[in-house]
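Chains: A, B, C and D, in written order; residue numbering restarts at 1 for each.
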Amino acid sequence: MEWLIWLIPLLPFVGFLLNVFVIRHERPAGLVASGLVAASFVVAVTAIAMLAGLPEEERRIISVGWEWINAGDLRVPFGIMLDPLSAVMVLLVTGVGALIHFYSIGYMHGDARVVRYFAYLNLFVTMMLFLVMGNNMLILFLGWEGVGLCSFLLIGHWFERKSAAAAAVKAFVVNRIGDAAFILAMLAIYANFGTLNFYEVTVAGEVQPGFLERVPEIIGQSFGPSWQPIALATGISFLLLIGATGKSAQFPLFVWLPDAMAGPTPVSALIHAATMVTGGVYMMTRTEALFAASPATQTWVLWVGALTALIAGTAAIAQWDIKRVLAYSTVSQLGFMVAACGMGAYVAAIFHLLTHGIFKALLFLGSGSVIHGTHDTQDMRKMGGLRTAMPTTYWTYLVGAGALAGIVPLAGFWSKDEILAHALSHNHWPQLIILFLTSLLTAFYMGRQVALVFFGTQRDTHYHAHESGRVMTVPLIVLAVGAVIGGAINLPWGHWLTDWLHPVLHEEAGSFNPVLALIATAGAVGMSYLGWWLYTSNAAKVKVGGKDPAYRYTGDIWDGLEEAWYVDRLYERVIVQPFRGLGDFLARVFDPQGIDGLVLGIGRFFGWAGAQVRELQSGYVRTYALVFTAGVVLVLSFMLIFTR
Amino acid sequence: MDLILFLITAAVALIGAIAMLVSRNAVHSALFLLLNFAAIAVLFLLLQSPFLFAIQLTVYAGAIMVLFLFVVMLLGAEQVEDTPDRIAWQRPLAVALGVGLLGVAVLAALRYAPGIPPGGAAAATFGDPAELGRLLFTRYLLPFQVTGIILLIAVVGVVVLNQYGRSKAALKPPPGD
Amino acid sequence: MVPTSYYILLSAALFTIGVLGVLIRRNAIVVFMAVELMLNAANLALVAYARERLSIDGQVLVFFVITVAAAEVAVGLALLVAIFRTKRTTDVDEVSTLRG
Amino acid sequence: MESFPILSLVLWLPTLGALALLAVPRDNAELARRIALMVAVLTLLASLALPLGYAPAAAASDGSLALQFVERVPWLPMLGASYSLGIDGVSLWLVMLTTFLLPIVILSTWDSVHKEVRNFQILMLLLATAMIGVFVAMDLLLFYIFWEFTLIPMTLLIGIWGGSNRVFAARKFFLYTFSGSVLMLLAIIGLYVLNREALAAAQPGYPGTLDISAIAANLRSGVFRLDPAMERLLFGAFFLAFAIKVPLWPFHTWLPDAHVEAPTAGSVILAGVLLKLGSYGMIRFNLTLFPEAARWAAPAIAVLAVIGIIYGAIVAFAQTDMKKLVAYSSVSHMGFIVLGIFALNRAGVSGAILQSINHGLSTGALFLIVGVLYERRHTRELAAYGGIWKVMPVYGGITLLVALSSAGLPGLNGFVGEYTIMQGAFLAPELGWPFLGFAVFGVVLAAVYLLRLYQTVFMGELDNPENQGLQDLNRRELVTLAALCVPIVALGLYPAFALGPMQASVADVVNGLANTVAGRIDLLP
């Protein structure tokens, strides 16, 4: 039984190895990659069925492969586990992952490096599975950095484009900043608990404790200078939060995600919407005990999430690129999940994570279908009226947009409502208002996007729009079905997900507030209509390369929104350029002239001294004799004086 | 008696040495040095060293001084010091050092040589050339042999040096001639 | 008898004159002569001590000194002649190619 | 325990090969290379007996080092010097690293060395003996001789086969590292004399000893006590030599010059093994022999190490020459190793040893990689390249793997070493989290400069026409680089393989630190 869960990550890994070392052609590459991820999904379902068969308290399968690090004070096993929380993540990763693999067969057809693409995609799934199945922080981190690597590779898949290369590096580096904090958090966890395991595990006959079970031990402990002690739990959880802001694209580290859209669209769907970016949320949910021990950090988490949701939501309404709208929308929705974590509503966060994973994948794949059908057009100003040319895409996209906007009874409504209801019932008023405003913005920009892409008339007629092939539309339909019924897993009346996660999170189902639901639904419908109406009635004013109709009302603020409040530019000025300057100064001035100057100066001093002493060698024999005689007199005098 | 003889000879030796030092003509220097050597030879006799007296006269006063004179005259180098001295600053220093050296030497001499040589029976046979000869061929045999080798090497060296110089000179005629 | 110290004093004086010769004179041949003078001064001291101690070894030493001096003069003068061939002078100050 | 002198065999086999090469005609390059490669492979095979026969042993009760494969022949009995060899967990993998890199380096000379090939191989083999000698010598005098002897072949390799400014670089390399080790010689003599005097009081006629293990035992048992001031002085003299070799900031400026001018093979050996002589020496001498001084100096040294980590990374970022970039990245990485050593606990020290191996593999590979491009285009300027992943896909993939290993990606070797070191430093009471706050910044910067290198060279448009005809790796280059990739991945997934055998020795060193300090706290002011 235990060995079975190893198959889940290893099957995609086999696909990776095959695609790297064996397969050289497009067709087998796509089939092997998709088939193995699908197989992994099947294994996962089997394993979860077995898991469900266990009594509730025992639903945790841990399997240790070998001792990974054994360096005296530091011992970490290489082990994976499957528990209810991992299980839902595994289902999302392998399920959506398999669909996106299939979709890629169509989308990437004819690409020059398609075999490599599938290899990366397989590696990504492997790493994502390690992330969600790791039984200790270090394995989680292995997956964490591994998915970052795959993100780098896939964003940079078309590395000939300078922007893609730059975006790939930017994504990796910004993530690394969060990862550094993550590393520090792991160091602190190990230093204080003596283990990185989440739960107790037996390695080679020796019982190693799990730190999540020992969190109460550090409550009340603090570190730092005596005049400003910091609670240990706050320190650790805050570092984890920074780690999560990197991976889950939260303020202030969200800047990499919009640029990451330079990668192929299925990649955006899988990595930059459905799975990888949710890694931070998963991690915070997993280490929920640590966050619970620190109210200070919880407040930070809540504010980070809410502010990110708002900032990204405002940025999303002003984008022209079909994928950048979705990218900022993703950042915004991740903000919802992080805010839910900050409120302690972890089930709601995971619920929203799952539904968002489905409908955002649907939206990205739909946009991919649009891009594919319009011959690599991404600017929405060049689109319009596509609903006739691409009916399947249109309908499925509409479902996704509705789910995102929170229209009853689509999946997004239920999960978003659960977060808002939790905020209301726990009196997080400022955050509730921010999140509510954001959800209105969400409805507005989705209305705007649907109007711009599918309604009106085609503004740029240089291409002939066509519907995508079956291999691409079938995944769309499957996901659309998911987006419709996905909310059913945690309806206010059934709360099946809450029960399933109970062994891990120990949460009770939240209360359903009909008034709030009604207001939210009305707002969503109203704002969607507003967005749709504004951009269908003003469709004539949308010109290729022109300004947005809303620019008339908002003025230059709109430009600010389009640039996401200039955060990127701020970093460029405040961090990147000074860093380059410092590097240049150290490398061209300080190192060669300062440090090496000192070293060479010592050498030069001896050279100079030698030149001076050389002058004494006049070449006159008589001068040498004179010095010699002086020496003789000196030595003789010495002997006369000091010897008896 | 001995003392008077010593004083006269010593005065002659000193005069010869000083004159050698101050003569501007190298031939004169050589001749004054000859005088000095002869005086020293007499002193050797006074010190009961007849054998050394003999070789001092033959080797030094005879062979070596002749060689000197010969070279001086061969090269025509009687008066090379007419040009101004380039390191004239060294002369007062040299004199001062000379005085210092003399002082040190005198002090040393006074400290380590206070005694009057014991006369008597032993003194009678002291300095016998036969005794010296026996020593040379017994206890000092090895140094004696080495001396022979050194002389041989000197001869070879001189020949080689002149060979070398001649071939060079043949290749490049001296300027001015 | 004449005290040994008289001889030693004379030897010291002669040696000093020799040193001065080396330091002051520029004619290489005269410098050579000064060196010979110093050797003789040393010989004188050796013989004087030998006489004082009634040990003939001092005289043997002088014998060796004289022999080696002869060799030295021969080689030295040959060198001088060789140098003279190229430099056309016996001024020691002219031979200063070892300047640093 | 082992009657067959396996260490001597591994040690002298390369020298025998060098002697055999003397018989090869000077202009027969191919034959010289083949013989050298054969010798190197034989050495590697012989050295395989070491990990196979290595049985981790607990420390001896008298405080001497738990050495294996010991050989001891008296050499200068009146000095107590002997031809004494042995390895323990600290040196085992460093010897293996040397013998592993040797055939790889020689294989790379087919493509990178074109003049005086025979003499190049002779020097390379002599260098191998010297380096192995440093790791296996258990006698101070023997150690010192091997230590200094490494300089001679390396200087010649740089000075004869180097780039345009090679003579300057060779001279700087020699003088800088040599001036550091002269003080060490002084300290060795001092240690010998003090030890002899201390023991001669109890046993008259004691000739003294230069045996490292014996001196360590004397120090630990308290027979031989060092005055704290004297201990710090000796510590400093040893440390300076090692710090220059490592190189620790601010003693690093010889390294970029040496690397830039050295031929590819020389760079690989220089980065791969020669720098490790310094980290090895710190563990073997500074920690083992002078525990109190080590504890006293640890925070200051750790500060230098952390400065080096960040400084090296920032300067590497600003380089335009690929080799210089890699050279400065070495400064950064070696800073981690020094930080681990002076964490003074098991995690830190074993992490440092592991990272020494890792750095040898990945940086060695990086230099080979730069060499591959240099042989094709004869420039190392970043600006001359761009988009070459398109024409050299295999090369690009391997480079990425190596760069990520160097940047510390989990699953590859570099991460395990760095993480273990950081955990050690975090656990060390003298260091703790403020140091890590800065050190971890080096992990971020490593990604920055390595990916910048990767981005400019491999990604972007293939716009330089001279790059469009570039050939992907030939079979020899592929074998060379692939051979390096195997341990890079293996050590990332199963580092316990390497960490396991070294634990006993590391524990011995660390316990020695604790015991000696505890036993003499009353002596300190």
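Simple rule for what comes next: a contact is a pair of C-beta atoms (placed from the backbone, for glycine too) under 8 Å apart; a residue touches a chain by one contact, two chains touch by 3 or more.
What you see is a predicted model, and the numbers here were worked out from it, not measured in a lab.
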Review point. Which pair, A-C or A-D, has more C-beta contacts?
Key: A-D
Point to revise | Chain of greatest Cα-centre distance to chain B | key: A
Practice item. Identify the chain whose mean C-alpha position lies nearest to the mean of all protein C-alpha atoms shown. Key: D
Exercise for review: Between chain C and chain D, tell me the centre distance in angstrom, where each centre is the average of that chain's C-alpha atoms.
Suggested key: 62
Review point. Using CA atom averages as chain centres, what separation in Å is found between chain A and chain C?
Key: 95
**Study point:** Intercentroid distance (Cα basis), chain D paired with chain A, Å
**Key:** 37
Study note, to complete from the structure: Distance in whole angstrom between the CA centres of chain B and chain C is 5
Review point. Can you list the chain A residues in contact with two or more other chains?
Key: 618, 620, 622, 626, 629
Practice item. Spell out, as numbers or ranges, the residues of chain B touching 2 or more other chains. Key: 86-87, 90, 94, 97, 101, 105, 108
Practice item. Any two chains that touch count here, so list every such pair. Key: A-B, A-C, A-D, B-C
Review point. Where on chain B is chain C touching in the complex?
Key: 2-3, 6, 10, 13-14, 17-18, 20-21, 26, 29-30, 33, 36-37, 40, 43-44, 46-49, 51-52, 55-56, 59-60, 63-64, 67-68, 71-72, 74-75, 77, 80-81, 83, 85-87, 90-91, 94-95, 97-98, 101-102, 105-106, 108-110, 112-119, 122-123, 126-127, 131-132, 135-136, 140, 143-144, 147, 150-151, 153-155, 157-158, 161-162, 164-165, 168-169, 174-176
Point to revise | List of chain C residues in touch with chain B within their complex | key: 1-21, 23-30, 32-34, 36-37, 40, 43-44, 47-52, 54, 56-57, 59-60, 62-64, 66-75, 77-82, 84-86, 88-91, 93
**Study point:** Residue ranges of chain A touching chain B (in the complex, touch as defined)
**Key:** 618, 620, 622-623, 626, 629-630, 632-633, 636-637, 640
**Study point:** List of chain C residues in touch with chain A within their complex
**Key:** 19, 22-24, 26, 92-93, 95-100
Check your understanding: Which residues of chain D touch chain A in their complex?
Key -> 172, 175-176, 250, 252-254, 311, 314-315, 317-319, 328, 345-347, 349-351, 354, 387, 389-390, 393, 404, 409-411, 415-416, 419-420, 422-424, 426-427, 433, 436-437, 440-441, 443-444, 447-448, 451-452, 454-455, 458-462, 493-496, 499-500, 503, 506-507, 510
